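Got some structures for you, see below.
Consider the two complexes below, in which subunit A is the common component and subunit B and subunit C are the respective partners.
And now, the complex of A and B:
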């Protein structure tokens, strides 16, 4: 496979982004909202792909790291009055700091132990908001990024603006990650995942590489969290539940866990399943019980079927410019 | 001083529940080297089945064995239909240690949604004839009710039964052998696959006891047992993930610890405390209090 240069990759991603952003002018607010949701999920899932698909570590706690990013962004914007694009940077950084600390512990744990520890984090961290007054308790804190720039015209809706912001963020994240994964760091992580012992014997500092992967992955999760806070307009413990963490892992697995381009597919699937199942439930006259729970049943069955039949991830038609390099 | 003893009593009762869930995790870990994140899901489904039995038979005590049998059956099915084929397919691949985690999460999510689909996401009452009002000591009510007593007794009975099973029966020996040396056990005529499924079934039964005993003190909803999964896991890790006694001691220690945190600090830090306890145990004494092995490289 021929290597695309970073500049070519960026150009292709920007083209796709431009098509999406122009296209968003032709859909209603709900679709814009769902588009923004999918872009945020794609970013968050790519953080799991980086962690699990490349460095071989698992995390059920990325919802909590998203919460760290979201709360950091909101607190900065509210108390320091910085412009919100910088709040996203703060969210990214805060996620990274939390991830670095967690990563130091995580590098010493494997498989199920790491899963259980991060699970405890996913449950414990968001509930801390009730303990400290500054975090706003169960109601959370509002995050108001204001109206879209006036230069875009008065009929440019709020959700379309969110969509534009999240798509730009997603493009940046994918471009940076894609480039990062084709450097020696990416190769080290792949070696680590394939066989930690052999990687160590080849002179790779296993602990260091794992902590680095965890930190970067958490940066991306922190960014996704602050974007999520923007989309919801608030941060609250209920926004970053255990279910969110599970959803991200599900998305990564459905997408083929070591396929970066797959995170986009995974994100779209996650957003599409509730939509499709609602349509189906409405069509067949399902009750509230069905509407609320059918998406969960479908996602879980898909998840189990994926690990059972294609444990290394489904063979999606690869988006060539995002595909991983041949090993 | 009164508050101190009350806190211990509260801790003892919740600790007994943690111990049962932790026991369920340990039994599965011993038989297949998998941490069963679906344990909470299996327990909730068996509790719903117990609830159905109770609404039909109008008797809590008769619904208990129904729930326990259902729990054992569900757990055995999960092992035989999903986990066993998965282990065979992923053996030796890079996803070997991650795939079971994902699969059990899928089962957890699937069972929760399925329960919601059948029974709705409302809070149901699975009531026990025992009072949930605390005993009177002198003129004060202590926060320890007859139902709490039933929880502690139930957990103790389950533990004694398992201890007897592992110590005195051929099945117990086979269970121990299959987890210790699967290849050699197979050569000596133990049907390892079947024994593993039985291990899962016992784990499901332990989880079902926890669900059916704790639910009368709270309410029944598709995710009402989720938090127990975290406590159960922490308890199991404190106990070393291998040892039955360890699981129970871990559960009680955690239950009493939580009760003190709840009493003297506040509710919202409990699970952060669980996370910190877990990290400390894993980093300082990774083999747990009762673990024998020196490494956690599983």
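And now, the complex of A and C:
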């Protein structure tokens, strides 16, 4: 199968982005918010796909890496007064630094030990905010990015602006990741995932390749975290819970964990589930308790069904220009 | 190849259907959002699941019970009240998501009784930008009375700073010379309390912060007990949510400290029925604890508000035990009905806010404290009374049943004033005619 050149991929992605952004003018604010939420989830899930689907490492702690990105972005915007697009870059970088440090440890661990270590991170790291006053405790810190640029007109809602920002970020991330994965780095990671011993025998430096994958994956998670902070208007430990980390892994599994394009589908499914369950509950008239617990039930059932019947993810959503090329 | 092409077509078909569904779901606009000729739609966010849910999850049903009662008696100016309930699991991120739903999709007229300090903070940007009235928020964070930052928000409960000042005065009057430890939730809720205690000049032998929701972790509770014992405290002030009080009682029991430590509970964490549910047979261990309240005891059969609400609860709330949470829900709902009535026959968000500011201080409500709403103040209740928890988990006034001494003060530096409690009479049949 022949490769598309980076320029063609960019063109395609920009086209999709343009359609989405223009389309956002025809939906209400709630859809814009959900679209932004889906774009952020897609970025975060793609970081898991890069890590797990390509380099074969597992992380249950990406929610914590998102927290690192979010807090870094908020802190530098609040204290250094830099414009918020640069705060996202800082968040990306901070996520990368945390991921590099974690990656050094992670490269030595495998399977359940790696899962355990990253899980501990997801549980422990957000509560650090309670130890240092500058991090704002349970209450968290407000992240105000102000109003959309005035040139867009007064009708341009804040949520639509968030949608535009997150979609642009998602397109950049997908383009960069897709190009990266078709270079020798991508091939090394795939070799690593398939069989670390064989990869080492072929001259691939296993440790180095693993740390690099972890660092890049964490950069992406950090970016997702800072965008998440923008959407919520705050960072707080309760915003980056263990549930978030699990949600991301769930999204990656639903998407087919080695399928970059699938992360968009995974993200849309995650955003759609509460919506669907609300509609279902309204239709069948369940009690508040049923309504409150239904999204969790649906997610769990989907997850189990995916693992049982289509462990490599549903075949439907493969988009050729984003999908992994196979021989 | 063929298979792949077909599936690709499938994606496009799915995308088109999804896009069509998104566009179709946009609703036409009303004259005033959430108000029709026959209905008024309100919304509430509250933890129905998760560690903070016990107790609080009863509030929406109680609000709905009172609204159903009013609806059955003609509604508000001929309109039926509909309450949309959303679970936020006490997570600010989820609160924002479901509040988006309430305001942008369900298009509620106003939010009522939304619970939690950080949770209400997270939705402030949305609430302010849409100009949605946010009535009687279920938190005592004094900051919400700031009319510049929260122009449409009306706190009802006395602020935590007020409560801490009042408790400080009570401790000084009744527990002078005791070694008192403080456990508090480490967020604005607890910070507010620390401010109040510091104004009151209360000295603690130990100040023990805990992160919200961490009370579910036994090792955290273990640390509380260690700190209490290490400081040699004989009195412990618990300034947290009810599930934290439950965890503390369990910890004290395990450490064999029941009866050796006098507990003093804040109003947030002292609901008897919820504690009974959390603790089971261990519940009597809390008997003798002193609790601050601003509403009357739900077990006080001589109180006209309690008897009326109990009757409504029996008829409209499917056998729910009448406790503090039910009382809070009904009291909030009754104030809401008075606010909606005062907002006029064609209520708008602006007329609702104006009605509360100009007339809210005169409305009937179960608390013994006056309400201080005015065009220049969004401060609600300002006072507390103290009761002792009995074996049944209900508080009886320390002055004897039915007799209430009210301690009032503000969130700032005003002194604490003691007075005999008074309030407007319950409207006939519990149906406001304001």
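Rule of thumb we're sticking to: the second predicted complex is superposed on the first by the 325 of 327 C-alpha atoms of A that agree within 3 Å, B and C clash if a C-alpha of one lies under 4 Å from a C-alpha of the other, contacts with A are read in each partner's own complex, and residues count from 1 in each chain.
By our rule, a residue touches a chain if its C-beta (ideal position, glycine included) is under 8 Å from a C-beta of that chain, and two chains touch if they have at least 3 such contacts.
Source: prediction; values computed, not measured.
J.: Clash or fit: subunit B and subunit C on subunit A?
T.: Once both complexes are aligned on subunit A, subunit B and subunit C clash.
J.: Would you sort A:284 into first (subunit B), second (subunit C), both or neither based on which partner it touches?
T.: After superposing on A, A:284 lies clear of both subunit B and subunit C.
J.: Considering only the touch criterion stated at the top, classify A:304 as touching first (subunit B), second (subunit C), both, or neither.
T.: After superposing on A, A:304 lies in contact with subunit B but is clear of subunit C.
J.: Would you check which partner chain A:246 touches, where first means subunit B only, second means subunit C only, and both and neither mean what they say?
T.: So A:246 only meets subunit B here.
J.: Would you sort A:127 into first (subunit B), second (subunit C), both or neither based on which partner it touches?
T.: both
J.: Just checking: does A:23 make contact with subunit B only, subunit C only, both, or neither of them? Give me first, second, both or neither.
T.: A:23 sits against subunit C, while subunit B stays out of touch.
J.: In the superposed model, which partner reaches more residues of subunit A, subunit B or subunit C?
T.: B
J.: With both complexes superposed on chain A, which partner does A:31 reach: first (subunit B), second (subunit C), both or neither?
T.: In the superposition, A:31 touches subunit C alone.
J.: With both complexes superposed on chain A, which partner does A:293 reach: first (subunit B), second (subunit C), both or neither?
T.: In the superposed model, A:293 contacts both subunit B and subunit C.
J.: Pick from 127-135, 163-171, 181-189 or 289-297: which stretch of subunit B gets in the way of subunit C?
T.: The answer is stretch 127-135.
J.: Identify the overlap between the subunit B-contacting and the subunit C-contacting residues of subunit A.
T.: Common interface on subunit A, subunit B vs subunit C: 127, 130, 288-289, 292-293.
J.: Once bound in the complex, which stretches of subunit A touch subunit B?
T.: Of all residues in subunit A, those touching subunit B are 52, 56, 58, 60, 105, 108-113, 115-117, 119-121, 123-125, 127-131, 193-195, 242, 246, 249-250, 253, 257, 288-290, 292-297, 299-301, 303-304, 307-308, 311-312.
J.: Write out the stretch or stretches of subunit C touching subunit A in their complex.
T.: Within the complex, subunit C touches subunit A at residues 4, 7-8, 10-11, 14, 19, 22-23, 25-26, 48-49, 57, 60-61, 85, 87, 89-93, 96-97, 100-101, 104-105, 117-118, 121-122, 125, 129, 185-188, 191, 209, 211-214.
J.: Mind listing the subunit B positions that touch subunit A in their complex?
T.: 34-35, 37, 82, 85-86, 89-90, 93-95, 97-103, 105-110, 112-114, 116-118, 120-121, 222, 226-227, 229-230, 233-234, 237, 266-275, 278-279, 282-283, 286, 296-298
J.: Would you mind writing out the residues of subunit A in touch with subunit C in their complex?
T.: 23, 26-31, 33, 37, 127, 130, 137-140, 142, 144, 158, 232-234, 236-239, 241, 244, 274, 278, 288-289, 291-293, 315-320
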